[in-house]
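Both complexes below contain subunit A, partnered by subunit B and then by subunit C.
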Partner chain A sequence: MSDLVIQILAASMLLATPLLLAAIGELVVEKSGVINLGVEGMMLIGGLAGFIALYQLQTSTCTMLIGDVCFTAENSVNQFQYIGSLVVAALVGAMAAALFGFLTQYFRANHIAAGLGLTVLGAGLSNSLGGNFFGVDYTAAIVASVPPLFPENWSEVPVLGPLLFSQNLLVPFSFLMLVAVWFFLNRTRAGLVVRAVGENHHSAYALGYPVILVRMMTIMFGGAMAGLAGAFIVIAQIAPKWTEGITVGKGWLALALILFATWRPGRVLLGAYLFGIVLALEPRLKAIFSNMSLEISYFLTALPYIVPVVVLVLISRNPVMIRRNAPASLGQSFEPRS
Partner chain B sequence: MTSLLSLERITKAYPGVLANDAVDFAVERGEIHALLGENGAGKSTLMKVLSGLTKPDSGQIVWKGDEIAITSPQASKALGIGMVHQHFALFDGMSVGENIALGLGSQLDATQRDRIIEMSEKYGLPLDPDALVFTLSAGEKQRIEIVRALLGEPELLILDEPTSVLTPQEADALFATLRLLKEEGRGLVFISHKLNEVRALCERATILRGGKVVATCVPAGKTAEEIAEMMIGTRPVPAAKGAQNLGETTLSVRDLVTSDISIPHLAVRQGEIVGVAGVAGNGQEALYAYLAGEELAPSASAVRLNGVDAGRFGPSERRALGAAFVPEERLGHAAVPDFSLIDNTLLSNLGTDGFQKRGLINWRVVREHAVEVCDGYDVRHAGVTGRAGSLSGGNLQKFIVGRELIKHPEVLIVNQPTWGVDMGSATNIRDQLKALAESGSAVLVISQDLDELFDLADTLCVLNHGHLSESRETREWTAETLGVAMTGNAQGQAAA
Partner chain C sequence: MIRLIPRTQFGFWATAFPLILALSITVVVGFLVMVAMSEQPLSDTWTLLTFPWQARTASVQWGFVLQKSSYLAIMAVGLSIGYRANVWNIGAEGQFAFGSILAFGAYVLFGMPDTVWFLPVMLLFGVLGGVAWALIPAALRVWANTNELLTSLMLVYVAANVLNYVTTGPWKGDPKAGQAESDPIHESLRIASIIERTDFHWGVIISAGAILVLACVVLFTTFGYSLRVAQNTPRAQKFAGFSPQMTVWMSFVLSGATAGLAGAIFLSAETGKLIQSENYLNGLGFTAIVIAFLGRLHPIGIVAAALLISYVNVGATYVQSASQVDDSVAELVQVTALFAVLGTAFLSRYRVVFGRPDLSTEGAA
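Right after this comes the complex of A and B.
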């Protein structure tokens, strides 16, 4: 039985990590008073960029050489190539976010419109570039899978093996970032300024803080994290693979999580893992109760989307805490008063 | 010895208005210097220049003998100028300590916490560093601003109308703090409307009118009337009110008692202006809400409009009975800031004839009506399609009042008709209200401005702790009896 628990936990990490990565990034963005609905788009662009980078960086060795022509190639990726492609994903995500930042911060475009535009742009651009980018059709491209972080026999270690040693690099990274973001927002001076800018941009400006600059930085951080989230979905699988719209709404779920978690990093984690666990539970429950009725089966499919919301709404009802954590200037364009 | 700060011939023009016209202003060390003037006299602009939020078009700023330029809020702070804003520049969702740390450009840690506590004890400004700002009273919020400014060790501290939100006890405590700061050799600028405070507290006063300095004087050597005359230009005419020719009672309230307000009796007759005096926060909002129908009275008979029991009617139904309303809050309550003047005209006029045809809005008629309001009530605007929020306070208020007056309502209820409005617009609005009453309408004015009430009202009553006193003719009141009624306890008031 405990094997099953560990299996479910391990599987839930795979499902929760992209959510967590995207939500942590967007949390910082929203804490600075900006709402970027383009998370989904940034994930798609970043994911594709990571995939392209990994394809380009991977090394091929010929297994069958006839004359000078290589007939079958064996692709392989080492840890550095993998990290390199993650960096590319983060950079491209940050660049997409910077576009949103320029529109909303310097041209004072409406956040909602610009964010939705970014999502549409991200979906469209990744579809067309994924189909043909400098002559390569990435929907058909074969990319070697990512090497494990730890020696393979470590994964046999009970509990820690499947939960830690056989997981992708980004899983521990997402936890690290969660703690870092919490520490940054609540314990550092710069984090205090970010929160101040999100709470009341006019007061922050009057006190001499560079509102626009702070927001540009958080927006780009959010974009980088969304890019990593996309890359996780695309390349951190057994067989990395690009398909159109591969993120299937995870970006939107991340946005919703922040709201229901009332901008508290710990609750974003809770929400993301509730989602992951319930989603991981679903096929196993269906396997155990193979003769369940169709209605219940559909309900189980919907459950991962219902449980986190209900739980977070129930625990996050304290109006004082909401007032304390909700950024009051959220979604408002800043224009210095003359 | 040179002055701590001296401003020489500061001039700043905004489109259409010369906010500061060659203003000279100097503050010495160890001095509390009052800056006086009506709204729009140029005080705020001068302070924005000092705090680095705006740059003057011309003129010099001399700080401790050196000519300098203040290019940003940071530069102002670095010089040693501290600012306590009238509208608190606080972060409501954050703690007191975080707010202070943000103002200082430092991290909130144990030392910081100790300094906050030390500072607040030293100057008699009790504060809990962990309290969340949105849970605090206005007086406590102001203490945060002051402690925040003081922790920056300012040599010059500017306080913009610091007592406007304070209770008398809080104000007294503040004055003790300010005197302590003065003893330490700091310079203080005290901006206020309250002349008695200025006379008690300040060594010197500089009086601005229409962007110019009209006088610099020792306030204790002048009477409040003399100072007021310098500020306003003409001596306020003592009121000799008490209307004739009053018609029937068209608005009456009887035994309206709820958790937040108690009104035993209130009646407004045709041709009469009834004033409701009172210190802010004594139930003005609730009184307005019950009269306008935003809150429903417990029984229908508690509020009678034009002979109809209207206590359970909402605003639209009351409008249909011939009533019109002007709430206190211009932006967000009386008008939608991001709507055009045309849209805003429609909002309180949905029932007006001709505005709707077969359920559709007749925009041409509404537009003409909006233009009519603007032309008829001297609203200076950049076109009726422009945002209401882009109008100045005075012009927007004239628009909002005009929008109601143009309907010639039989009953008009108006809350703080000239709050934060420039002198010219205020006079204009008051004249319009008087004209409406003369034409036979009943007018109820809720106001904190006693001069305004003495000028307007035929009959006055006082709202104190939610209790409305009996009304008496204005000439029976004096500033003293009114002051006592406004600050005494509510029961004693009812007996008097």
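Right after this comes the complex of A and C.
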């Protein structure tokens, strides 16, 4: 039984990490007063970019390439190639976010419309490029799994093995980023500027802070984190594989997480792991109760989307809490008074 | 130095100039996309722009365009009502699915009648299904202050699972089909084509009628006026005695109703049966959001945008079959158009002024 608990915990870490990464990025974006609904789109574009990069890195070092498949004896990617693909994913995510930033910050487009547009763009672009990018069909491309960070036999250590030593590089990175973002927002001067811009952009502007520039930077940081989250889903969550619309609403879950967390980093972590456990429970419950009725089985599949709704309802019933924590300029275009 | 000066006068050009600019940007970028994706961009672009006359039967191609644009336009008009008042229903896809499900449910419930007179009942139940599904986020918004944008979106995935459930469970049809699907409805309940062998069917006319009614509501009634007030000055809405709660309810009821109607028409005209969500829901509800913004939330603009985007979409499908250019070209053109329209919208509120500030004339403004 305790084996099962550890299994579920390990799986929920895998499922919570992309949510955590994307939510941390979007948290900083929203703290600066911008609401970017394009998280899902940036995850898809970033994820595909990371996958393409990893495939290219793998085939470039492959000594025995037949068709699209690498037949080298070890047939694996190393940690450096993986990190390289993550950098590409983050850069592409940031570029997609910059497009949103230009539209909303310089051309004063509606944040919500531009964000939804970015989601549509991400879905469309990743679908078409994933099917054919310079002659390679990435839905059929085969990429070896990323090796674990620690030596393989460490994963047999009880409890700590599956939870700590067999995890992917991005899992500890997500915790690190969480702490870094908390420290940045609450303990540094630059973080104070970001929050000032988010609370009242006119005051921040009057104090001499470059409102638009600060927002562009947070937007691109959010895009980079979303790109990493997408790359994690595509490359590390199961095995490296690209399919159309692979994120199935994880970007929206990340947005829901921020509301759930009322813009506090610590609660983002809590929420991400809550959603992670719900996502991890579904296949295991189905495996244990294999003779469950069809109704319950489909209810369980829909559960990861029902739980956020219920959680949001419980959180939002207290409007004071939302109002007290929400950045006051959230979603408003900055138009300097002349 | 480039500066933006708020407009004080809103003439014809304040509206027309951004749209012309956006259209030009879309045409240029669209052509560049074509150059990147096609081997003979000039002839393929020509084919894309004139495809109804290239094909053997122009009426069939026009049928595709009208049929597709009718779904998009009616859903977009419904959504735009809420968007005008900052009520964000982005779950039209789910309401579309639930409209289809309830329309089929009515068909099963009433003992599968084999008469064309049952068709209005089916459409009515489709509308009710869409409304019912849309009322969930509306109620949560009004009673529990929950962000309607996220809840309406989450419910899309729930609705897709409901659709999967009914097609594999209670209404499972032919088990030998390659997909989970229900039994087909009677032939008499399939909406008939107006022109033989085309997709131009009576559903298009029904949608057009519904759009006309909604357009009149938005443009000429007190309710429509209250939405415009809510759009431009949210605080004035309260002072004027318009209830924000009522705005939320009405926005969701109307957008749910249009999406549900579209779902019921789709069921009757296109597939004739429910199919598992992956093969039944093809993103019309999400495209409708783009159309709503492309039309700048105005009914006339939305109809124009829906026709234009459907034309490019069907054209891209035609070009794909004719000369192996991937039809995702349409999607890219669509997003380019959206970003161009969003990115130029500020020009209707501001004048762009080049050069140093001239304090003698503008300093007072």
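One rule holds in what follows: the second predicted complex is superposed on the first by the 280 of 338 C-alpha atoms of A that agree within 3 Å, B and C clash if a C-alpha of one lies under 4 Å from a C-alpha of the other, contacts with A are read in each partner's own complex, and residues count from 1 in each chain.
The working rule: a contact is a pair of C-beta atoms (placed from the backbone, for glycine too) under 8 Å apart; a residue touches a chain by one contact, two chains touch by 3 or more.
Just so it is clear, the structure is predicted and the values come from calculations on it, not from any experiment.
When the two complexes are overlaid, the chain among subunit B and subunit C that reaches more residues of subunit A is C. Contacts of A:99 after superposition: subunit C is touched, whereas subunit B is not reached. In the superposed model, A:312 makes contact with subunit C only, not with subunit B. Contact with subunit B, but none with subunit C, is seen for A:192 once the two complexes are overlaid on the shared chain. When the two structures are aligned on the shared chain, A:11 is found in touch with neither subunit B nor subunit C.
In the overlay built on the shared chain, the residue A:295 is in contact with subunit C alone; subunit B does not reach it. Of the two partner chains placed by the overlay, only subunit C lies in contact with A:114; subunit B stays clear of it. Once the two complexes are laid over each other on the shared chain, residue contacts for A:207 go to subunit B alone; subunit C is not touched. When the two complexes are overlaid on their common chain A, residue A:216 makes contact with neither subunit B nor subunit C.
Note: residues 338 of subunit A belong to the subunit B contact set and to the subunit C contact set alike, using the contact criterion stated above.
Considering their complex, residues 51, 53-54, 72-74, 77, 85, 89-94, 98, 101-103, 105-108, 132, 134-135 of subunit B touch subunit A. The touching residues of subunit C, when paired with subunit A in their complex, are 3, 5, 88, 90, 140, 144-147, 149-151, 153-155, 157-158, 161-162, 164-165, 168-169, 286-287, 289-290, 293, 326, 328, 331-332, 334-335, 338-339, 342-346, 365. Contacts from subunit A toward subunit B in the complex involve residues 188-189, 192-193, 195-196, 199-200, 202-209, 320, 323-328, 337-338. Those residues of subunit A that touch subunit C in the complex are listed here as 37, 99, 102-103, 107-110, 112-114, 116-117, 120-121, 124-125, 127-128, 131-132, 248-249, 252, 255-256, 259, 294-295, 298-299, 301-302, 305-306, 308-309, 312-313, 316-317, 319, 322, 338.
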